[in-house]
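Each chain gets a letter, A, B, C and D, in the order it is written, and its residues are counted from 1.
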Amino acid sequence: MLRCAQQSLKTVIATAVAQNRQKAMSTASSRLDLEGIYPPIPTPFDDKEEIDYPALQRNIEKWSKIPFRGLTVHGSNGEYTFLTTDERIDMVKKVRSWLPKDKLIIAGAGCESTRCTIKMSERMAKVGADAVLVITPSYYKGGMTSEALTNHFVKVADASPVPVILYNVPKFTTIELTVEAILALAKHKNIIALKESSGNVAKIGHIVHWTKGEDFTVLAGSADHILQSHVIGASGGICALANVLGEEVCRLYELCRTGDITAATLLQQKLIGPNAAVTSKFGVPGLKFAMEQFGYYGGDPRSPLLPLAKEKQSLLLSLFQEDQFLK
Amino acid sequence: MLRCAQQSLKTVIATAVAQNRQKAMSTASSRLDLEGIYPPIPTPFDDKEEIDYPALQRNIEKWSKIPFRGLTVHGSNGEYTFLTTDERIDMVKKVRSWLPKDKLIIAGAGCESTRCTIKMSERMAKVGADAVLVITPSYYKGGMTSEALTNHFVKVADASPVPVILYNVPKFTTIELTVEAILALAKHKNIIALKESSGNVAKIGHIVHWTKGEDFTVLAGSADHILQSHVIGASGGICALANVLGEEVCRLYELCRTGDITAATLLQQKLIGPNAAVTSKFGVPGLKFAMEQFGYYGGDPRSPLLPLAKEKQSLLLSLFQEDQFLK
Amino acid sequence: MLRCAQQSLKTVIATAVAQNRQKAMSTASSRLDLEGIYPPIPTPFDDKEEIDYPALQRNIEKWSKIPFRGLTVHGSNGEYTFLTTDERIDMVKKVRSWLPKDKLIIAGAGCESTRCTIKMSERMAKVGADAVLVITPSYYKGGMTSEALTNHFVKVADASPVPVILYNVPKFTTIELTVEAILALAKHKNIIALKESSGNVAKIGHIVHWTKGEDFTVLAGSADHILQSHVIGASGGICALANVLGEEVCRLYELCRTGDITAATLLQQKLIGPNAAVTSKFGVPGLKFAMEQFGYYGGDPRSPLLPLAKEKQSLLLSLFQEDQFLK
Amino acid sequence: MLRCAQQSLKTVIATAVAQNRQKAMSTASSRLDLEGIYPPIPTPFDDKEEIDYPALQRNIEKWSKIPFRGLTVHGSNGEYTFLTTDERIDMVKKVRSWLPKDKLIIAGAGCESTRCTIKMSERMAKVGADAVLVITPSYYKGGMTSEALTNHFVKVADASPVPVILYNVPKFTTIELTVEAILALAKHKNIIALKESSGNVAKIGHIVHWTKGEDFTVLAGSADHILQSHVIGASGGICALANVLGEEVCRLYELCRTGDITAATLLQQKLIGPNAAVTSKFGVPGLKFAMEQFGYYGGDPRSPLLPLAKEKQSLLLSLFQEDQFLK
């Protein structure tokens, strides 16, 4: 849509995504198949705020039994902004060593600067990431024009040894990666997908419609619209709720895929309350508290995030109890 | 969801929606069936900015041949904030006289004050409105708490001779009528539906799920998520695009209803671009310009809204041309 | 500033503010002198939510003894959006009859449509308003471009029998009337002032600097920056706090005018807490409650605004007690 | 203000800022005197995007001749979010070696996590920073409550070898550090100042008023309200414009200090346009381009920020030309 609207943007892209870097249809079949559900895993900390690797390993073992397509490491739920560069790399390396080979790792490689993002992508590829998730930079809000953002993503995609997944999450960044920019970027042969975390299912539909020739995948960014995004063309999701109700989220997606809309509708409706509990309502502290209720290690977030306050804990529990996910 | 979270709100509602005003399940069957598609019709003006009733009559005649459930008069696309009280009433009266009897009229009766909204609802009922659409007041943003809003809607619903439809449209009001407030209000026997114009299909699903016993209807507020909201439980929509592509929007909803998801997906995807053209991209001036392309009277908006500028006209046309809705 | 930046806007204005309507320097001396302090008076309601004119008259008598330059009737604190057109006119008429002749009345005449604003301005002039305060329309946010807004104000100023004061109050409208638009509008001979309620004292300074040849007045929109705006060129203010602490606000402005900055600083600092109490913290309900503490009639706001809740009442009182404005 | 309003916050602070860490009035005289003007210096890059230290040294030499109180390194204009930890430390070390000993260095030490901010503060102190500027973390917006933020600042202040300056800059962070939180934090003996970059001069006045016993300094965050904030109690500013018009900004502050309000008003008014050019209008790329006009090295920003586009360059120049700062 509106590809015609922004002549200058088109020129940027035309220049940036030079012929040799545009997708060739013939190679499409060889591309990474991303379809499915991914939990964006939290980073577990011990009581000194160090990464608790034994706890992480136990969580990975539990998640490995669920029919996920893979894991996302260092999405927004991973508190990645609180980790050092080395922590980010080491954690992906460890997760790769513990995770069955048929499961993908999508590693968050986004930084504020382009050069840092490129280095991070290279290192993530080396330690085993199958693809990198690259968030829109966001500190200099006025400077993050569509032109600046497309420039950033093209440079990262040019350099990254593994495919790039665009990551739009305005609730954290206050930046919106526009449909026009996404459609332009989808032509780059190393940009293969979008994690759309705005909840905007019209945007998802539009992008799917206009990238039909591009072998481009859209993943929903939350478990409260798996069904609603699937019917319009999304291919699964990267969803916080999958950390705690992984079986249920995978079952929902399977109902979508097999076209059992009636059952999907009911299950989707039931998951919206619990989903809110671990995202919009109580954030990462809520997610970590919820994980404890389902046999995972949760623990406390790193400061300045605070652990979930007592009165919020009971509100959170009630959201899982209303539809019998907890008793 | 979170009904437990706001004890004070619950108390307000418990008091406000006294026993005798709560829905009795036995009477549910007698309630107005709202399911279907409604164009929120624009108000046509002549070149002196007066309401052009002959033009309106011709538009009504064209719309009457389309399988709409009815029309919405004085939604946001009707420039109702630019009309006097008498103009609002007169226009509904005229539309009623021209519209086939089996088509519903949903009349926008919202004002900033409760007392004005009540008077408007009474007058709208008298001139033939089947239900009133009541927007959240929004000028005193800090004062429009859930408590204030529920109080407002309960008073209006108590007094209105016809059923009330809640109207949440944050893009114009910057006010969000919360899930909690809506679930409380849905218990009132004279509050029968919600027009949800945020595009938030998770919210829609949650409300449908938790009002299953209430005979409460949710209508989507835009044509770019008819399918995505239908699968999660919405019962149609009040959609600007239906003014210009009424047949197509009705066909999409029929495909949803009959479960032909594959065909619905394709048609829904095609309608997203044209929908953006008459809503988020170009607003009421865009809608009016588009109407001219499809044989309706559009005309100019009232000042201070400006007619669609020349360069935007061609962008708008291209959005309809991309999928052959125009040549 | 940036007058060069928006060529198209300049063209609009050049066309709109035709030669014969531009300010002639020679006539500048005859213009209305607005300098001073104005309380934007609340509208008192009785327990049936009708305007309580006897109470209003008593308030006017008290305010008349304070060295205000005049009163603002139907500013945002006047709940004008809850009044009918006739109520708005009648109230101004009554206030005029009770107010000493040397005090100005600035009457809020803004409506969403240009034509309604024009009619309101004409009627306000007839019943005695010395100037009209015209707010930016705000419902159709995307449509309220600088071009649309300047068009609106020029049409109103062309038609209004009394001078126009621009009113920018983004906290209620979410619309920002830009520096560029204001500088252009300041050239119109019937646009004589701006009420700037954003609190942006850099914007105020810029406008004062670039309208030095225009006989244009800027009034601060809140009592928490009377001094800070005075030193950069503002000529007083329209301030909610003046309703309750009128003597103190006038004394502060007098200290500013006479250059006693040290005393002004201390008094200004003390007024910031009480000012927050009747504006950002507790809004119109807070203002009305505070008025009761100082011997004025306050009463309840019209629904949907709610009276100030008990727990907020004591917070409000403490803000007046901290610096001994109340005991 | 409103210290009474948030009982739980008070408790947090009371606990956090334990007796032994509260300010003792007797030691106040020994504290760092921050009063004055500081340019928040940009980080110069060469054409490979590496820090250009020779260029930086030349800039430092020029700035050293201006009566600044010191420099701020790694404020928002320093593109600090694009630098590695080591780059941030090295640059401060170099600046310290080139800057005359009587000039202060305020070093930006803020990171998203508390532990990273503490380490950065320790390292900044070691390489010669006189104080650290600590920004509000901002990625997890919903989690950055007043409780979380005060907790963060208290932990950092407890650990930092040099005094802490709070940094509130909602235009980049979308986080507002409230008056209540600031007043509580001002009691900590190692928290000595606030850089307030919201432009809210009422907030500044309120904080100055209620920290009179605390030896707490407020610095304005932009050069367009040096005078307006001075009259209400601010003690200078950290201002992007001082990088290019350092003499003028210092002269303005001297006029404020000596009470020559008339001259200060005129100079302040003239600086608002150029200030907008290097901040709100054109950001860091604008600041760097402007520096080139005044004999400093500017250069390009790091990607994803783009160099100032040609058409914006002439707009920027015109803003300096209007009042003869450039010809």
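Just so it is clear, a contact is a pair of C-beta atoms (placed from the backbone, for glycine too) under 8 Å apart; a residue touches a chain by one contact, two chains touch by 3 or more.
Just so we're on the same page, UniProt names per chain: A, B, C, D = 4-hydroxy-2-oxoglutarate aldolase, mitochondrial.
No experiment lies behind these values; they were computed from the predicted model shown.
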| request: Name the chain whose C-alpha centroid is farthest from the C-alpha centroid of chain B. | output: D
| remark: Note: chain C sits from chain A at a C-alpha centroid distance in Å of 48
| field | Cα-centroid distance, chain B relative to chain C, in whole angstrom | value | 35
| task | Compute the distance, rounded to whole Å, between the mean C-alpha positions of chain C and chain D. | result | 34
| query | For chain A, which residues are shared contacts with two or more other chains? | reply | none
| remark: Pairs of chains in contact here are A-B, A-D, B-C, C-D
| Complex interface listing, chain C residues touching chain B | 49, 76, 81-85, 112-116, 137, 139-145, 147-149, 151-152, 155, 171-172, 174, 280, 283-285, 301-306
| note | Note: in the complex, chain B contacts chain A through residues 1-2, 4-5, 199-202, 205-206, 208-209, 222, 224-225, 227-229, 231-233, 259, 261, 264-265, 268-270, 272-273, 275-276, 281, 315, 318-319, 322
